[in-house]
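Before we start, here is the structure in question, set down as structure tokens.
Per-chain residue numbering starts at 1, and chain names A, B and C are given in the order in which the chains are listed.
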Amino acid sequence: MTAKTNAGRFFEDYRVGQILTHAVPRTVSGGERALYHALYPARHALCSSDEFARSCGLPAAPVDDLAAFHVVFGKSVPDVSLNAVANLGYAQGRWLKPVWPGDTLRSESEVIGLKQNSNGRTGVVWVRTRGLNQRDETVIDYVRWVMVRKRDADAPAPETVVPQLDATIAAPDLVTFDGLDFSSYDFALAGEPHRWSDYEIGETIDHVDGVTIEEAEHMMATRLWQNTAKVHFDATNREDGKRLIYGGHVISMARALSFNGLANAQMMVGLNGGAHANPCFAGDTVRAWSEVLDKADTGAPGVGAIRLRLVATRGGEPFTLKGDDGKYLPHVLLDLDYWALMPT
Amino acid sequence: MTAKTNAGRFFEDYRVGQILTHAVPRTVSGGERALYHALYPARHALCSSDEFARSCGLPAAPVDDLAAFHVVFGKSVPDVSLNAVANLGYAQGRWLKPVWPGDTLRSESEVIGLKQNSNGRTGVVWVRTRGLNQRDETVIDYVRWVMVRKRDADAPAPETVVPQLDATIAAPDLVTFDGLDFSSYDFALAGEPHRWSDYEIGETIDHVDGVTIEEAEHMMATRLWQNTAKVHFDATNREDGKRLIYGGHVISMARALSFNGLANAQMMVGLNGGAHANPCFAGDTVRAWSEVLDKADTGAPGVGAIRLRLVATRGGEPFTLKGDDGKYLPHVLLDLDYWALMPT
Amino acid sequence: MTAKTNAGRFFEDYRVGQILTHAVPRTVSGGERALYHALYPARHALCSSDEFARSCGLPAAPVDDLAAFHVVFGKSVPDVSLNAVANLGYAQGRWLKPVWPGDTLRSESEVIGLKQNSNGRTGVVWVRTRGLNQRDETVIDYVRWVMVRKRDADAPAPETVVPQLDATIAAPDLVTFDGLDFSSYDFALAGEPHRWSDYEIGETIDHVDGVTIEEAEHMMATRLWQNTAKVHFDATNREDGKRLIYGGHVISMARALSFNGLANAQMMVGLNGGAHANPCFAGDTVRAWSEVLDKADTGAPGVGAIRLRLVATRGGEPFTLKGDDGKYLPHVLLDLDYWALMPT
């Protein structure tokens, strides 16, 4: 027997400045879009209808923002998180170009930080991951950091480099897609009358609906992004026989549920941060609530930016997040901080 | 917390003559078709093969008739049936134009009838729903009526208007798609030798096969049509922890099962009526039988119309429908009355 | 009630030389590809990325080899295996032309062998099945044989004809697609550095990963190929309430799992043989291992052929296959022998 399989990288295998070329480029089509809409209750009109997208200045409906994100992210898993003990965070994520059906995406990551933990057995790796299309344009760009095991606890610690990461993306750094124009936006077709000016900083929204998660669904979703980390698929991998649901599945579910109350937050353009507060398993009924954190102008006609906290839970009281100990309450699954675009 | 979410319309919110513009237009592609064929054992050749469709005078295979119906129907749910206590019936449904991959569908409904129930707490709302494509052509048109809760039991009753609805669509009112021609129809490729003249009024067919329903499948199907009524997705919504399966899922399953014995009933063109006799839940094994109710000529070459009763059951004896009390037997899920086109 | 449903063919219904035209041609699209990648952890770059395929001399990414196989196979089920007691084997399978999104596939089979069993109640039927595209080009060609029930045990036995089938396809008979050229193959994008010359005959590879199978997934997959044999869908069909998983689902799962260690075995081009050693059911966790059986040159630039045994298991020790009695061990699901193409 040979050892040709990928055992994943260990902490010692990373160097600051290293570029990781992720494998398996992927051409997306209407098939990925249809599956995305079958897997999540996604209804934002801009990614559902070519006609609606044209009325907003785009040539056609782009692939859903999070679908594009998952494709880019999934490619990074074998090189970044196969031996990850924990996904610690996201920062400075931006959607830079639309992804169209027919585009081919690949991704690459640069190691931008390393810090061995005091226990000597694990370390934190920061990477900046870029998704590129067939024209070598960067379509998505984000930082994430993970805790990775060392292969050999006695290996020397690398020099500590902790990248300086702003907690949020400044509004002027958000990118609106070429041509985007909400000045003749159709609120009836979009599904809700609430515009950017109707939302106040501090306002909270309970998105009301819930979806009980099935094994078949989260596995199909996760495979669709060619994320094949075995914890998501192999029921024999944990002692309790549970398959851990890909955190991105919870993000997409919560974002889709947020349509009810945020139907006009059409596109994600910035990912400020995010925490997978507790693991999600099949049988959980996922719910979501949002809080308006900030608002900003953009240069595009009729287009405002809104910064939102999106929280996914499995029941529990909405608008509760952390306990007295500062830790996430057990029913909280996700705490995400993002910028979206809305008609003003 | 704000109340920006959609609580759905109550009985008092409808007026006869009111036009409801339904949200979230949708562009369909080969992705929706592939999913339809993965979710149902759909095998009618005309919607499976561009080449077969060309041999029948169409430029390509249209999107499956019921897939188009579900897209149109799904859009109406937030405005018509979110607070529905019951879906009471369908009438006068017609497929008027083919839907092609690439088309964008939207839908709108006109309120055509209102009748408050004697209990004062609910009322019946009749709507005529139209599905339109990006050229503003009506592709599907049907009436349905639902029982809706009142917000306030003390609100005054509206004037009662009960629309006159013919029990069936007269054969001359059926529309055959432009160019449709079954005169060089290939029965071997279609899968069965039985033509229109081989079916007799009163004949019954047991479609033999059964499919045991899974939660993941009906949820994916229902989401694909952007029908997000929570009863279908949230296992905490009912005391028994069951998710109610979208009635359209049962219609599609039964219609697909009817291929075995009705392989040449290629296209649905008229929906005379339908009752969701009993709720369907995951774990039920759905079976189907049909009865030939009528036959008629059409103007198109080689094309006959056949009127069929399609009954879906979860086991039980085929060809049994109602008990001595005139009520549907507990194993009956669906009793549908439709017109299809067949080669003569 | 009439008997218009398809009861399937019995042993007496076959004649050597008979051509069976299988029904329901199918146009494939990006939808089928996306579903294939959602249902299996398929990551071979050539079928995932148009750009990667172009760098290998093809005009675009073909539909996955096994997806094409399943479409062709599925059409043959109603005419060949609806009454099959057992699928006994495959031989001489070849992929002859790429299948592109937009192609329409149909299939037909020729009966090439018949042998009544000594019990008089069943017989073996050999067929050569061809998949054809809309240009009447054969894209896939293989032999399979099944054990089929007799309708009437007293019917006379046909003359025994047992086709001579070579155990493997000779390397010169393998077909490489027009234009295929691995001379500027990108190993980083493909996912592994191991090339044809790195594999030795006799070498074994444990593919490490496992996938726990769900009912919803195998049913969606099987329906996608329009294979509607009721054993796969109807939980009331067996006394134990289990649905038998389509053998092709296990083939696709194992082949996809084999990416981890054989990422560069990009395309299947020959199917020498295969046995479904034990039935697979939902809840099984499928794993895979491979053995290098042979290697050969091809005429195409930079392209080598590798002959592999692919074994799917539900746990158990890898590299164990048969017991002392010569029978497959209970944990072995599949023993497949195929040729693939790899960069040299």
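Note that in this section a contact is a pair of C-beta atoms (placed from the backbone, for glycine too) under 8 Å apart; a residue touches a chain by one contact, two chains touch by 3 or more.
From a predicted model like this one, the values you see are computed outputs, not experimental measurements.
Both chain A and chain C derive from one sequence, and where they touch, under half of the residue numbers involved are common to the two copies.
The angle of the rotation carrying chain A onto chain B, fitted on C-alpha atoms and rounded to the nearest 5, is 120°.
Note on chain placement: the centre of chain A and the centre of chain C lie 36 Å apart, centres being C-alpha means.
In chain B, the residues touching two or more other chains are 29-32, 34-35, 101, 214-217. Contact residues of chain A toward chain B in the complex are 29-35, 37-41, 43, 45, 48-52, 61, 101, 188-192, 194, 198, 203-212, 214-217, 260-263, 285, 315, 318-319.
Partner chain A is touched in their complex by these residues of chain B: 1-2, 4-6, 21, 23-32, 34-35, 78, 101-102, 104, 106, 134, 214-217, 219-221, 223-224, 226, 228, 230, 233-237, 243.
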